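Structures are listed in the sections that come next.
Next come two complexes, and both contain subunit A; in the first it sits with subunit B, in the second with subunit C.
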Partner chain A sequence: MLDISLQIILNGISLGCAYALITLGFVLVINAIGAVNFAQGDFVMAGGFLTVVLAEFMVADNFNPIRASGLIILPLVLISMACFGFLFSLIAYKPLKNRPPVTVFISTIAMGLIIQHSINAGFGPEPQIGPALISSGTITIGTLTISKQQISIILSASFLILCVGFLMNKTQLGRKLRAASQDSEMAESIGINGPQCISITFSLAIALAGAAGLLLSNQFFVTTSDGGLYMLKAYIAVTLGGWGRLDGAVIAALAVGLFEVIMATLVSYVVAEALLFAALLLVLLFRPSGLFAEAIQRRT
Partner chain B sequence: MNNATLIISNLNASHKREQTIRDIEITLKEHQSMVIFGATGAGKTSLLRAIMGLDKISSGTIQLNGQNFHTMSTRQRAHLGIGYCPEGRRLFPGLTVWETLAVTFNGKKAERDRRIDEIFHLLPALKIKKGDRAWSLSGGQQQMLAIARATINKPKLILLDEPTLGLSPIMIDEIMEIIGSIKDNGATILMAEQKIEPSLSIGDLVVVLSRGEIIYKGLGDDIDPDQIASMVMTGSFEPIHN
Partner chain C sequence: MSSLYSRDFIVTLIIMLIPLCLALNTDSYGQRIMTLSGIYAIAAMGYHLIFGRLGALSLAQGCFFGLGAYSAGLIGVHFGLSFLTCLLFAVIFTALVSLIIALPVLRLESHYFALATLGIAQVALLIAINWTEVTGGANGTYGIPQLDLFGVELSSSSDVLIFVWVILVIIVSLTFWIMRAPFNYQVTLLKDTPEVAASSGIDIGRWRLTFFIMSAIFGAIAGALQAYTIGVVSPATLEFQVMVSILAMTVIGGKNHPAGAVIGAILLTHLPEWFRFLETHYLIAYGAALLCTIIVAPSGIFGLFEKFIIRNPGYDVKSLPSKENKAVSDTNSTSLEIQGLSKTYGGIKALKNLNMTLTSYQIVGLVGPNGSGKSTLINIISGLQRQDEGTIELDGSFIENTASYKRSNRGIARTYQTSLRSSDLNVYQAILACSSNQHNLKHRHNQTHAILRNSRLISKTESMVGDLSTADARELDLCMALATEPKILLLDEPAAGLSSAEQQFLSTKIRHLAQSGISILIVDHSMDFLLPVVDRLICLDQGSVVAEGVPAKVLADPKALKLYFGNARS
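Up next is the complex of A and B:
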């Protein structure tokens, strides 16, 4: 019984870790431009497909002796998706930056649909499977059997989350990104390049989405219609965590993953989804600023 | 060449399509300080925003040490050597005191740490709070941080927009003392203020604005606070004849 409980918790944490990467990127963009990037979920799906393509490419005949493993592909996915993110900011955000936020979020919806349909045209609607991060199989510790894939998802996602935390809090670039997201006009007044910060933020956010796509592509497969669901999960996590809070978003995403897996195991996946949205409604009703909202005030 | 730090000629600017300042002519020499007075809406903030490149300049020129910069972006103006302390402080609420100073500083890490230490030596109240986020500071501490942010790069020109706004009388004296010490260190300061008496000790020169136009320009020693108050209230200059 204990083994099963631990296994369920590990499943939940690994799913939550992948959600945390998606949500982190989602919050970074909200903070930077004050608008939601509705294509974030589609970039998770695109990252999954990119992983599938790179894995096939790497095991192609006589090309590379290294068998495709997710961990080797991960840096390639991060770099490629960061480049897509930069391009995405130039196409979907930059020309519209002086328009109301609603224009930007419509533009991101449109871009998300373009990505989804383009990939659908190339791969079709069938689910694809990505490589395991290290290898499939299990580790046995005493009576406990743990999936290697889940452990490696947790470790990889945690490493990426820590890297983002380090970047945002301990480096000059991170401080610039935060300053520009909090007051872009004032950031320009102290010499920070605001548009460049926004493009870097998009790159970072979409690289994280791509990494999440890679992590999820083995256990959960990847289909072109996945984007909307991931987007909703990120939206729920951001609402629970408090809009704009990076730490709150990570904790809430982990909670969403755990809740989903536990409820799906105990009851059913459909009920888990319904209860998740019910929990969201309750939070919106009783604590609209989120469970971890900080009482930021400006004194005068 | 004129050795003036700042020369503003025939400057007209607008905010959200509404003209806010008209035909402004100002010359401020190196190490001089000028205080701009005026009622709310007179154009003080607009003038500083136009200098900083935040409001659109429709005509006129602005020079700093002979270099025209009115066509430059706000970011370029900051790198040129203009430090800006805006109305309402506009701190980055989620950044700590130390982070605010660190993100503003342009230079190497060792130099940055030395400069931050200098600031903490001058403003010990900030040193105590160096790990606190800007939003959690008191009004006076926030103002000190906003001034420190505007001066950390030792700019050629410092723009201060109502630095005493919303502060207690004791805190106003403290902030004016800080600005006075910055001035004594040779800074060139252009300060917009509503509080006349404490600001006169700062201003070598005084300008009074009304409806976006200069109605008085002269030496700070040549005018008394009551005359300035009268100009601010009436929006016109009537010389007092003894």
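Up next is the complex of A and C:
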């Protein structure tokens, strides 16, 4: 009994960790441009498909009967998704940067449609399965049996989250990115290339989405229609965690993942989903600034 | 007077009739697609109201479409009632649901509103899939009866086509009626600059609620028609794809005009036919078209059409009756009493127990260093911000907890330091939008004309407000405030950025206004401008009054002197 409940909790944490990566990217973009990237979920899905393709490709190349493991593919996915992100910001954000945020919302909805249905045209609607991060199988510690896949998801996601924290808080690039997010004009007046910073933020955000796609691709499969649901989870986590807060977003995303897995095991997946939306609506109703205080305040 | 709008209406009808006539001469397949266009045009018409006109990104339009389809379809299947009865039920049901949703959701802003409406749509989808006993679950419910009209079945595809398009024409006419002048201008003002609209007496909440419910009703009608024409309701009608299609139609066709919704619906429902090689992947083309439109032509196809073919002539002011109207209503003596007003931001006290009185025929100047609480005071009096403590009494009734637009209706008007300008209105339309709701349209036109005659802007009535110079924008601000027929007028740095000649014009105008009985409060930094105009000067520092009285007295006050000129002069 103990190891089953521990199993469920680990499951929840690993899902929550993947959600945390998605949500981090989501918040970075919100802070940088004051608008929502509605295609974030579709980039998660795209990252998953990229993983599947890369895994197949590397098998054929090496005459190796075992598919390449996720951990080897991860850097490749991060780099290529970052390039996609840069391109994405040039298409969907740059031409609209002086327009109301709602226009960016729509352009990202449009990009999401294009991404989702292009991949659907190529691969079809059937679920695909990605490679395990290191290997499948379990570790036994005393009486506990833990799946290696989950532990490796949690470890790699935590590593990436810490990297983002380090990048944003301790490096010069991170300071520039934050400065450009807070006030693009002011940042430019002290010699920071604002538009470039925003494009870099997009790269970072979408690389994180891609990484989440890779992490989820083995256990949860990848389906072209998944994007919307991931986007919604990130959206919920951002709202719960306080609009614009990175730490709040990570904690809330973990909570969402845990809650989803526990409720799905105890009752059913549908109830878990419904309760999440209900919680979201209640938070919007009574505490629209999120459970944690809001980082960005609208100036009047 | 409404010639522009009736011409617009005729253009829209022509745009609708041409493809309809073409479709009536094609085979039944072509007619069925055109029927689908009509159905989506109805849903898009609702979306054009809430998103296009009001700028609120609702993601629940697909949900309303699905609710309409389910409620009409299920009643038709289980009770065998006539279509119009089922339609009526679907409309009432969806309107009620939207009303319940509106209560918590409508006050949310942009992303939150989008998210909350999306969340509700997801909940509806979950219910439709999982409440199998009622909805038929993932497979939906089959066997919805054919469309009928007073007992006569509409069996041929051309009958159905005509029926749907007659409903569409009714809905387009209704939309034009809702958006008649000056409401269309009010809504534009509301979308671009909600604060200005509220302090001009326009009730944001009422418009948002009306448009949200209208969008739900139009969505429900479309959904019901859809269910009856294809004979099935399934969770597909509630999926996000429907929402995205409606959004794409509204934006691509042109979100600011009813004709845009019709054009978008016709185009996008035919697109899969025209591009058959896309097979089922036509949503890629939807996405690409949506992206191109939002980047290249944000006002859509109809926007381009309007720009290049039927250039908007605007209003011809000269054709209006030039009868001399008194711009300002007769005011008996009015007074505004402020007592014990306090406001804290975080740890900073912006206002500390402030008392002040404004009376008719009097001009009061408010001075003080940056951060002394001047703008906060104006924001609180006009209702843009709320005080922590204290009362505001206007002619004997307390208004400190009244909504901004209601204060405006009671006679408090204001101008803004930095004008956030709407770009879709011209000068005349912007002033007309603010004109007091108590009068009929003719009076409002007359009043707008009268205000313009006393203004420097008389030669620029057709200029778009976004193109005005700083000085003209400030003058427009004042004209818009006067259109609400104020008793109390709050001017936030009206002279900033004006040349001395323009300042001269302004001070003469302000004095005239005071003589007609308005009580005026001016915040400004320029003593050269203030001193000759004001009757009384109030000096504010760190949220409290430091000195008060006739200008000469305040200027002699050592504390005020120190604030303004430093210690050197004392």
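The rule is simple: the second predicted complex is superposed on the first by the 286 of 300 C-alpha atoms of A that agree within 3 Å, B and C clash if a C-alpha of one lies under 4 Å from a C-alpha of the other, contacts with A are read in each partner's own complex, and residues count from 1 in each chain.
One rule holds for everything that comes next: a contact is a pair of C-beta atoms (placed from the backbone, for glycine too) under 8 Å apart; a residue touches a chain by one contact, two chains touch by 3 or more.
This is a predicted model, so every value here is computed, not measured.
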item	value
Contacts of A:E185 with subunit B and subunit C, given as first, second, both or neither	first
Partner chain(s) touched by A:L281 [first = subunit B, second = subunit C, both, neither]	second
Per-residue contact with subunit A, leading partner among subunit C and subunit B	C
First (subunit B), second (subunit C), both or neither touched by A:P101	second
Touched partner set for A:Q172, first subunit B, second subunit C, both or neither	first
Touched partner set for A:G112, first subunit B, second subunit C, both or neither	second
Doubly contacted residues of subunit A, that is, touched by subunit B and again by subunit C	298, 300
Touch list for subunit A against partner subunit C, complex	30, 35-36, 91-92, 95-96, 99-103, 105-107, 109-114, 116-118, 120-121, 228, 232, 235-236, 239, 243, 270, 273-274, 277-278, 280-281, 284-285, 288, 298, 300
Residues of subunit A that touch subunit B when the two form their complex	172, 175-176, 178-179, 182-183, 185-194, 296-300
Subunit B to subunit A touching residues, read off their complex	52, 54, 73-75, 78-79, 84, 86, 88, 90, 92-95, 99-100, 102-104, 106, 135, 137-139, 142, 149, 165-166
Of all residues in subunit C, those that touch subunit A in their complex	55, 57, 104-105, 108-112, 114-116, 118-120, 122-123, 126, 129-130, 195, 240, 244, 247-248, 251, 281, 283-284, 286-288, 290-291, 294-295, 298, 379, 384-385
